[in-house]
Amino acid sequence: MNVPLNNLGVVKRNIVRADRAAVEKLARFGAATIHEAMGRVGLFKPYLRPIYPAAQACGTAVTVLLQPGDNWMLHVAAEQIRPGDVVVAAVTAACTDGFFGELLATSFKARGARALVIDGGCRDVKALTAMGFPVWSRAISAKGTVKATLGSVNIPVVCAGALVHPGDAIVADDDGVVCVPRAMAATTLAAAAKREANEGDKRAKLASGVLGLDMYGMRQPLAAAGLRYVD
Amino acid sequence: MNVPLNNLGVVKRNIVRADRAAVEKLARFGAATIHEAMGRVGLFKPYLRPIYPAAQACGTAVTVLLQPGDNWMLHVAAEQIRPGDVVVAAVTAACTDGFFGELLATSFKARGARALVIDGGCRDVKALTAMGFPVWSRAISAKGTVKATLGSVNIPVVCAGALVHPGDAIVADDDGVVCVPRAMAATTLAAAAKREANEGDKRAKLASGVLGLDMYGMRQPLAAAGLRYVD
Amino acid sequence: MNVPLNNLGVVKRNIVRADRAAVEKLARFGAATIHEAMGRVGLFKPYLRPIYPAAQACGTAVTVLLQPGDNWMLHVAAEQIRPGDVVVAAVTAACTDGFFGELLATSFKARGARALVIDGGCRDVKALTAMGFPVWSRAISAKGTVKATLGSVNIPVVCAGALVHPGDAIVADDDGVVCVPRAMAATTLAAAAKREANEGDKRAKLASGVLGLDMYGMRQPLAAAGLRYVD
Amino acid sequence: MNVPLNNLGVVKRNIVRADRAAVEKLARFGAATIHEAMGRVGLFKPYLRPIYPAAQACGTAVTVLLQPGDNWMLHVAAEQIRPGDVVVAAVTAACTDGFFGELLATSFKARGARALVIDGGCRDVKALTAMGFPVWSRAISAKGTVKATLGSVNIPVVCAGALVHPGDAIVADDDGVVCVPRAMAATTLAAAAKREANEGDKRAKLASGVLGLDMYGMRQPLAAAGLRYVD
Amino acid sequence: MNVPLNNLGVVKRNIVRADRAAVEKLARFGAATIHEAMGRVGLFKPYLRPIYPAAQACGTAVTVLLQPGDNWMLHVAAEQIRPGDVVVAAVTAACTDGFFGELLATSFKARGARALVIDGGCRDVKALTAMGFPVWSRAISAKGTVKATLGSVNIPVVCAGALVHPGDAIVADDDGVVCVPRAMAATTLAAAAKREANEGDKRAKLASGVLGLDMYGMRQPLAAAGLRYVD
Amino acid sequence: MNVPLNNLGVVKRNIVRADRAAVEKLARFGAATIHEAMGRVGLFKPYLRPIYPAAQACGTAVTVLLQPGDNWMLHVAAEQIRPGDVVVAAVTAACTDGFFGELLATSFKARGARALVIDGGCRDVKALTAMGFPVWSRAISAKGTVKATLGSVNIPVVCAGALVHPGDAIVADDDGVVCVPRAMAATTLAAAAKREANEGDKRAKLASGVLGLDMYGMRQPLAAAGLRYVD
């Protein structure tokens, strides 16, 4: 990559997005399933929470790097949004300010964005809930931000501990947010489908009273590890 | 002010409340709008959260200073409540105990209080939700408190980082809690109304696809700051 | 007790559970009332929160000690569950991983478990909500766990600051989680009933405008403590 | 006060400082003693910690209100410093950035400042330690800040939960930071001296084996409160 | 145990302390070694930190249960201290107040106490350092506490997540605090000695360049687990 | 990059390290200067702190991805260390366990490692201090870890919010930890040298009483931004 990570003052216009069809299919799976299907990588830290219950979103990442207390770059990012995108906003230092609210959501939605994932705060929760525009944020705060200092758009960012390249697929729900690197969208989709297929069978067995101890064949390894039963 | 801040063992009976009519009108605006209208001051720290979704309240402050683990002064405060008040309770040290529950809420409500903002914990969430008595708190905890040590009522307090004088206007919703000093209620009201008037127009433009970059005239200052677009 | 606290690699099969009838009656009271009735002991730290609103549970404890990032012992615990149990899972170090999700919940439910209280993370919130299987956890995280290292089942554990012996009664709701030691179930029940009986009367008085200051006879002790009223 | 709290974009040049002689005498007492002498008010939250052990400072407050990630106002404040001042910097939202380092410390020291108390981060710890310029901060961070947005200087601020007016006396040591309102400097001094006089005597008694139970006459009130001794 | 956990208002006078000779020998080992020797149980949460570097202590526990913001029971505990004891203080809710300072330390030292472990705050750090009286605390705060509400002394307590019975052995150093149940002092001592004997040999091998991979025979299990080396 | 981020179970043996001579020269600058010279990118979150004061280190990164509570991969990493390396260990979920202590430090040192940066806990602080082996960690904890689950070595990792590729240069001191991407070592060195050259001059001016307001030409932009001076 020629653009150094976290480089400031740059907007990349032409990004390659993960395959649209694959992304739409990823939307059928939850973040937990995707995370497993990825081999347990790509998860955002769990302090990011949806601003309303049962929020769900899936799309391709437009990335933003913000400065603490400054949302200027979100306006710059709006222009780069295409239908089906999810904006992923990192901040150079932990900040709970309300970087995003109803007006920006209106603009993002008009541009076709499906959601925002932000390692900062959000406000106008009531209006965003009414609009059905989901946000995963680290805080909710009425405090607005200034527009004074450059960050960047569509560079690789680390957001809540996850590395996100522009165009990666983002899957988010009540359980959290996962990033699927663009090149892994298809294989992840296949792995998720396979995993979910198995789950139905397992669920039925467990519901009938079969124990995981038996279904997964755990009794022998537990004994080998030294587990002892006492009365 | 003659009463020193955080002075212990004092109850001020006669406080001057913000103009009733102005406060009622403030209730039409959200905490985020009020915070902007105030010039971005007066916000409580965002760790205060409503105990149930979509809570909203507006009123004049009766202030309380509590000791950790001790809610004696909330009983003293109850007597000072007048219809339309919001009780604002600071604690001398961070404490998550459940200082407030159904019985006190019943009493506060009977006295005409509209809400409680407390830099401590709250309990009886189910009952408070059923009663429709909103509380913004730093925690929810079943742990009760003792009644052993004096604090004060209706002195200036610092609650969750915000300075509140008795009689100030308090606006609280899903986005947080803001204090409008008594003397600023009218000007804040005017500023909020003006701000909200502008927002409708902006919202419509953004919804139609106009970018904030153009609507706010940001392209030139961004270029001046050195923003560069790459492909 | 012969089994040392937090001993690793042990499963105790025969535990003595708190009296079933008493436990069912405890379910009529909230965690806050039980905590008071216990003499204000037995409360789990308030950072444990229910994964959905209005969750409520009451049952006898099956205890588990987990290693960080490892949920092997939850599978072992499933076999020890009897109808009416609540699983209480401690972790040897703070960890937000999603130790528990839909499959384990299906198994636990099939065994008769009523809830999980875990000093770690939980996932599959949407499915658990749909199933009506309540969990009190310190976090929600899509991140799964391994099955590699022994912990124990049905030993005394410290979970979120509360000491729990297998068979103790657990009461959990929106206000938090309380442990009632097995031997105290009956006396706690009596104390809770008595307390609640008093509350109805108090509530009515307070609702009619009587002040706690008068109802509880606080004016004299407040004056003795030095409280002074100023104008 | 005519200048509203947290007003942005204002520098007050003429402030009335606490009496120099009283402040110098306050320096003989620790923060804990001063806090007691004040009647247990005026303490900054304990998350503020000195950047090196055994730091101690006492002086008159020059106050600053900063924006997150922006230290512009510290440069503005430098001009307002007079010998014997302690700069107290609040931030409009929690931020760990390194707002202050060696160069600013050099400037502050040249102007006669004795210390900085900042509800944000600090950097250049090695150099500041070598210079002997003490800082109480909420974090240490190598991350620098921009100079883009106005805050204010010498307005009343809430810093780490404490209300500070310009000219108030600040006492800081290993135990924390206390603000003594200008008008209370003399009475606080007297109370601190009285308190410390008593402490020598108490210390000698306790060192000789006398119990606080007897020295403070606690046995009777403990018994009255219901304390019971068992074997 | 007849005294219920966390029972309030009780002082147990006659406690059985861990064998003095064994405790003295435990003092030769660090907290990490003891924790390993115990089978990795009994550790206090790592948020407890010594108030000065290189602090070290070992002794028998006198336990205290405090209320938030109230240190009355520390005075009651002083009378129960015997030479060689370490006071372990739990608090019914998280609180950073300075429950303990120079005067109490003087009294504790005069009674023969070697250290304090407290799940709350401490003050007078400078004086305690000068006295060489070590404290492990969750915070340092100049804020004093009241003496108004009963707790207990010498009941089992949960302190920073560790269950401690009066008379248990406590080992504390820079790495943290461990509780060795009274009945396990001798076996722990033996296990610690054995462990440390092995460590010298291991240290020498590793210092000479031998890899843990070879010394511990890890290459085969790593390969079996699927580890693959790439160029 | 062919190896996906955070891929589990992989050890990359041949990594390209940043130019040795450039890295040695970087060691002359502090983390704050390097962070500035990099354009304010590459900083680890400030919750990583050195385990002893005045720690300093500079070297090339050997990266490790650990599982919570499991330090197996640190042993695998030891073999990949070459003289002048700094080991950078990420963990798949936040964990304070003591992953690293005296024995591993002995091994790392024997292999030529200069330091460890770990997004987890560390133990044996006393011994590590005596050895002069610096560690930057998120916690100190006596709790050891298991060796049961694969992670990876020398893959790109996100550690405390910073993206680190194997072979990148790491600079760490009292102010924090910075990662200089391998390809940027030379330019960063040049920028740091230039920056430091300027600082000497600035320092002298500020020490002589010149204000930053004048030295940086801030008066005009402050006035333009609306700053007003009042008396």
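Letters A, B, C, D, E and F mark the chains as written, and numbering starts fresh at 1 in each.
As a working rule, a residue touches a chain if its C-beta (ideal position, glycine included) is under 8 Å from a C-beta of that chain, and two chains touch if they have at least 3 such contacts.
Worth saying up front: this structure is predicted, and the values here are computed from it rather than measured.
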Chains touching both subunit E and subunit F: C, D
Mutual neighbours - chains that touch subunit B and subunit F alike: A, C, D, E
Numbering shared by both copies at the subunit C-subunit A contact, with half separating same from different: different
Euclidean distance of C-alpha centroids - subunit C vs subunit D, Å: 41
Centroid distance [mean C-alpha coordinates] between subunit F and subunit A, Å: 27
Euclidean distance of C-alpha centroids - subunit A vs subunit B, Å: 32
Where subunit D touches two or more other chains, by residue: 40, 92, 94, 96, 141, 143, 149
All touching chain pairs, where touch follows the definition stated at the start: A-B, A-C, A-D, A-F, B-C, B-D, B-E, C-E, C-F, D-E, D-F, E-F
Contacting residues of subunit F [partner subunit D, same complex]: 30-32, 34-36, 40, 43, 46, 49, 53-54, 173-176, 178, 199, 202-203, 206-209, 211-213, 216, 218, 222, 225-231
Subunit B contact footprint on subunit A (complex, rising order): 3, 9-14, 52, 72, 75-76, 78-79, 96, 98, 101-104, 106-107, 109-111, 121, 123-126, 139-144, 147, 149-150
Parts of subunit D lying in touch with subunit B, wherever the complex brings them together: 4-8, 39-42, 45, 92, 94, 156, 158, 161-163, 181, 184
Complex contact set, residues of subunit C against subunit F: 67-70, 92-97, 141, 143, 146, 148-149
